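For clarity, chains are labelled A, B, C and D in written order, and residue numbers in each chain start from 1.
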Amino acid sequence: MNIGIIGCGYWGPNLVRNFNALEDARVVGVSDLRPERLEYISRLYPHISIISRDCNDILHNSGIDAVVIATPVSTHFTLGMEALENGKHILMEKPMTATTEQAEVLIETAERKNLTLMVDHTFIYTGAVRKIKELVASGELGDLYYFDSVRVNLGLFQSDVNVIWDLAPHDVSIMDHLLDQPPRMISATGVAHFGGGIENMAYISVLYDSGLIGHVHVNWLAPVKVRKTLICGSKKMIVYDDVEPSEKVKVYNKGVDYIKKREEAYDILIQYRTGDMLAPRLELIEALNLVAGEFYDSVNDGRRPLTDGAAGLRVVKILEAANNSLKQGGKVIKL
Amino acid sequence: MNIGIIGCGYWGPNLVRNFNALEDARVVGVSDLRPERLEYISRLYPHISIISRDCNDILHNSGIDAVVIATPVSTHFTLGMEALENGKHILMEKPMTATTEQAEVLIETAERKNLTLMVDHTFIYTGAVRKIKELVASGELGDLYYFDSVRVNLGLFQSDVNVIWDLAPHDVSIMDHLLDQPPRMISATGVAHFGGGIENMAYISVLYDSGLIGHVHVNWLAPVKVRKTLICGSKKMIVYDDVEPSEKVKVYNKGVDYIKKREEAYDILIQYRTGDMLAPRLELIEALNLVAGEFYDSVNDGRRPLTDGAAGLRVVKILEAANNSLKQGGKVIKL
Amino acid sequence: MNIGIIGCGYWGPNLVRNFNALEDARVVGVSDLRPERLEYISRLYPHISIISRDCNDILHNSGIDAVVIATPVSTHFTLGMEALENGKHILMEKPMTATTEQAEVLIETAERKNLTLMVDHTFIYTGAVRKIKELVASGELGDLYYFDSVRVNLGLFQSDVNVIWDLAPHDVSIMDHLLDQPPRMISATGVAHFGGGIENMAYISVLYDSGLIGHVHVNWLAPVKVRKTLICGSKKMIVYDDVEPSEKVKVYNKGVDYIKKREEAYDILIQYRTGDMLAPRLELIEALNLVAGEFYDSVNDGRRPLTDGAAGLRVVKILEAANNSLKQGGKVIKL
Amino acid sequence: MNIGIIGCGYWGPNLVRNFNALEDARVVGVSDLRPERLEYISRLYPHISIISRDCNDILHNSGIDAVVIATPVSTHFTLGMEALENGKHILMEKPMTATTEQAEVLIETAERKNLTLMVDHTFIYTGAVRKIKELVASGELGDLYYFDSVRVNLGLFQSDVNVIWDLAPHDVSIMDHLLDQPPRMISATGVAHFGGGIENMAYISVLYDSGLIGHVHVNWLAPVKVRKTLICGSKKMIVYDDVEPSEKVKVYNKGVDYIKKREEAYDILIQYRTGDMLAPRLELIEALNLVAGEFYDSVNDGRRPLTDGAAGLRVVKILEAANNSLKQGGKVIKL
């Protein structure tokens, strides 16, 4: 499989490296508007034959089977459509698109043309999230009560998108993957402390049916780096701390048992349960390595990838609703 | 000063001990509906002469100068009014009342009768919060950007009030004290996972003028105990971690400098600043000791206490609005 | 069982409280040289009939069945002998005596008089150490490789004994209990930074047969509080951190597998194993409560207590050897 | 300056990269016995002209001005001598040599031939150690009381040297650099748990004059990674935790004040001081970058480098004494 990569910023060299590591795939072209990024890549990977400022050298190259779109989100739709129209499978960086409508059109196009459309929700492929998914799916956590994620640090302020579009795709994609159900209502508040309408911090609340709630705090302006997620179920609870060098996932055999004493009233007996805490061994394979493998396999087998266009759409839908709520001062958006 | 205490639950013995520690005050009466609490107190403090199930033995005792009201919040207003009508100064546990209207009536009554009305916002008197207040007030933090507080653990589920009324008074009283300005808009989401309409977790967003934002996460159902507050200013940022045995307050000389390059557009240059981190020595005096002293002094000097009725009212106003928003599915409440 | 307590410093009120909590025992007498300590106790426990500066009021009181000796270690032997001679069972604070010879005489005397002699090695009764002992005894850790303990903070400098006799009894009693074998060689280094020959920091190395090694670092002069013990076995490894509020014991399913490739040479293949980490739920019963119960039961049943005179002697033997080594500049002492 | 590197294991590519980053130096040759290492380097740095299995291609190449010796320690002396004899300046990996005698001969040879001999004690050049040195040298810590370093994890077992020669050079070089005085006595204990006489854990005690003590715990067989150093002075104390991603150095304004009350007796009054804790901002320049610069500058300016042969010798002397003590069961070695 010959792969072309459009957009080669921070994530670009990682994409090249991991696709090159696949046995039957190789990166044959890279394009970027910035000459210095192209130079950097050609120095690192002198064997890549197409190094171009013009993305059409990738999009219209008949020798290229699949395209990775790793440009700013505002260009995702146009580039994705162009790639699909040229018969290329696509792997899109997160967030998939800037609007749900764009995502829907892309999905429909890929289906019509029988091409693979995958979104690089990298975190889904980490050892930590795969282990948590396993615990949730097996029922070991019981019914899910909430998902609470904090992703803050003194970070790279973006000038084109706010913190919701920049950081929240990580948390929202994990939340969507683990909870596996459609949200009902979304609200968000946030502030652009430095003007320009680019919010640098935001809080997103997501209500699901049956009392399940999600919450995400994303922030470019915090003194310490926090990447902490609580996932609480009726049987067990998880703390997932991505800053920890080891023991990123801790499973607490803790909870509350309640007995409704009488039907007519709120008259329940709460009992606390505490047990062992387990930090399961996590697989250490680089997540992007699995992303590349999943893309290759789903193209090859003609099957739907784990993080397909529908997953990308679901994430964009939440981001879009959160952003709309934010712009309307926290108004609750029904989905 | 002869002091009577109405309500003697978990906090009661601490109140007795700290008022007894004052040189010119002593606790002469304690009432509680539960005989076992009264027995416990009379064993610990055999010298207390009035130990009664009837709060009127405190309220109508002419030998008592001041009354501490440490009962469930639903009774605060009635007991407070009765105490004031009987000419007694009052120290009320937090939250001051169940409604803003009640708080206003109490304040008006105390003023009319020229009696001291103080609220036991204990955290305001901790070494940590006093140090932070000092840093904020001196301008060392610069302009304030946000206040973010998380107070979660596997906690004592209450059966009469939800988690907002139970835990958030701590955070909201600290936030009110530090930010020192009236909020403009409030919204809150939360869930009652065990029915009965008693929410066991909630997120509160508070918007102020000039881009300042407050956020509080309170939760009775979390696997780990977190008591962490971020206070971010334009010059410095603070992490206040109350779970830490020492170094509870860390002041980061970190931030973002931005230069607006052109007037017409969002075209700013962001520069990151990082410097030393300082964990200032904190005074170790028990907060409740200072609360008792402040109450005694303000009665004695006829002056307004630091956490007066107005402070109590401001906190109740935020809790009430948050609760209203919560009950309306996160609707934004304008103040 | 009527109990008398000689010596009522920091630990005294805890002893009274925990012995009073037993159903069939009660503290009837307390003696201490310091009037203020006696006053404090009589205020806390007005029912105690004998409150005296003269320990003979305890030792020669025929109504007293058992005596707790909680005085400075230099007086342990004389008081213990006097108690035994007067037919009383004794519970001795750690370290049991100032010399091994004294410990041996006490053991011999108790046996001759058929009286119970127990040593208050409190840590042995904590939920943490009991869980670790269970793991070691069940073979889950495999063969033991080492025991490494650090107990440092900015602590209470003693004026009568050095840091080895003050802090190391904790670590050495745990080490003795877990390793369950006699040491072969001991060496120690340390320094008295403030003169007077009272070392305020020390390192103790203890060599056992079969490559097992113990090491203890005790220090009154450290900026942070550390109470951390590593116990490493061929199958699993434990980190026991007593400063942690929860999850004090972490069991790592980690290790090294080695295969001797050839007999004649050091030609081995090392393979690393990593697996889950488990923090087992620990029982939360106060250790001293179990100490009191064990003392009562062993007296009542005429059986040997878990931490008997022999355990006390083994600990004193290690402390004495370590102290001797220290005074000789680290000379290795063979046992 | 043309540089040749002999030995290209884990550290090799870092050496190449950092020397290439200097403006007026470049790596022109690399040798290693392992073809796969040479291949790896030539792929990374295709411009390096000499890539050879034979170190003589470096040592006897007249175009090479300086040689970095990054081979196993057993070969350091022979290679270093050969390089000096061929008129080349040398930078030697730590530990400098396998014996003090070898180190002395190298120093003498370099001096005689007027060539630079530097040792790569990398840690000395880290932002953390440079900041600590600054604090010690300025007198801010007061008189030094002790240096205590722990460097343990489940690590790479070596087959040619024990843990003292493998890990302790880091701690001993830092200790030597900070304390800046010759040790008086050394003892060490340790165990080879897997036979072959290659100890996998060791404790080293180093006594200096005037009550200063150093202690190092190195261990390849520990469940968690610890890299923690305490440096205690009469005025302030430092905790240097190299595992922390930020705030590696914490300076505690804590200590003990003592007043000798009478001359004749140990009758002192201890008073505890606690103040702020400061985590100073550390420079983030890669240490090896500064090592390369220091080597280049000292060759160019004909001046003695910061970590010269004498520093290397002092470290080897301590390691050798510790190893001798270890092999004699902890016997105290006088220096």
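The rule we apply is simple: a contact is a pair of C-beta atoms (placed from the backbone, for glycine too) under 8 Å apart; a residue touches a chain by one contact, two chains touch by 3 or more.
Quick caveat: nothing in here was measured; it's all calculated off a predicted structure.
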Which contact partners do chain B and chain C have in common? A, D
Between copies chain A and chain B, are the contact residues mostly the same numbers or mostly different, with half as the line? same
Far-end chain from chain B, centres as C-alpha averages: D
Approximate Å spacing (C-alpha centroids) for the pair chain B, chain D: 53
Please tell me the distance, in whole Å, between the geometric centres of chain C and chain D computed from their C-alpha atoms. 39
I'd like the Å distance between the centres of chain A and chain D, where a centre is the mean of that chain's Cα atoms. 43
What positions in chain B touch 2 or more of the other chains? 274
Residue ranges of chain A in contact with chain C within the complex: 247, 253, 274-281
Considering the complex alone, what residue numbers of chain C touch chain D? 145-146, 148, 152, 154, 157, 159, 185, 187, 189-198, 201, 203, 205, 207, 211-213, 215, 217, 219, 221-224, 230, 232, 237-239, 250, 252, 254-256, 258, 260, 265-266, 268, 270, 272, 274, 329-332
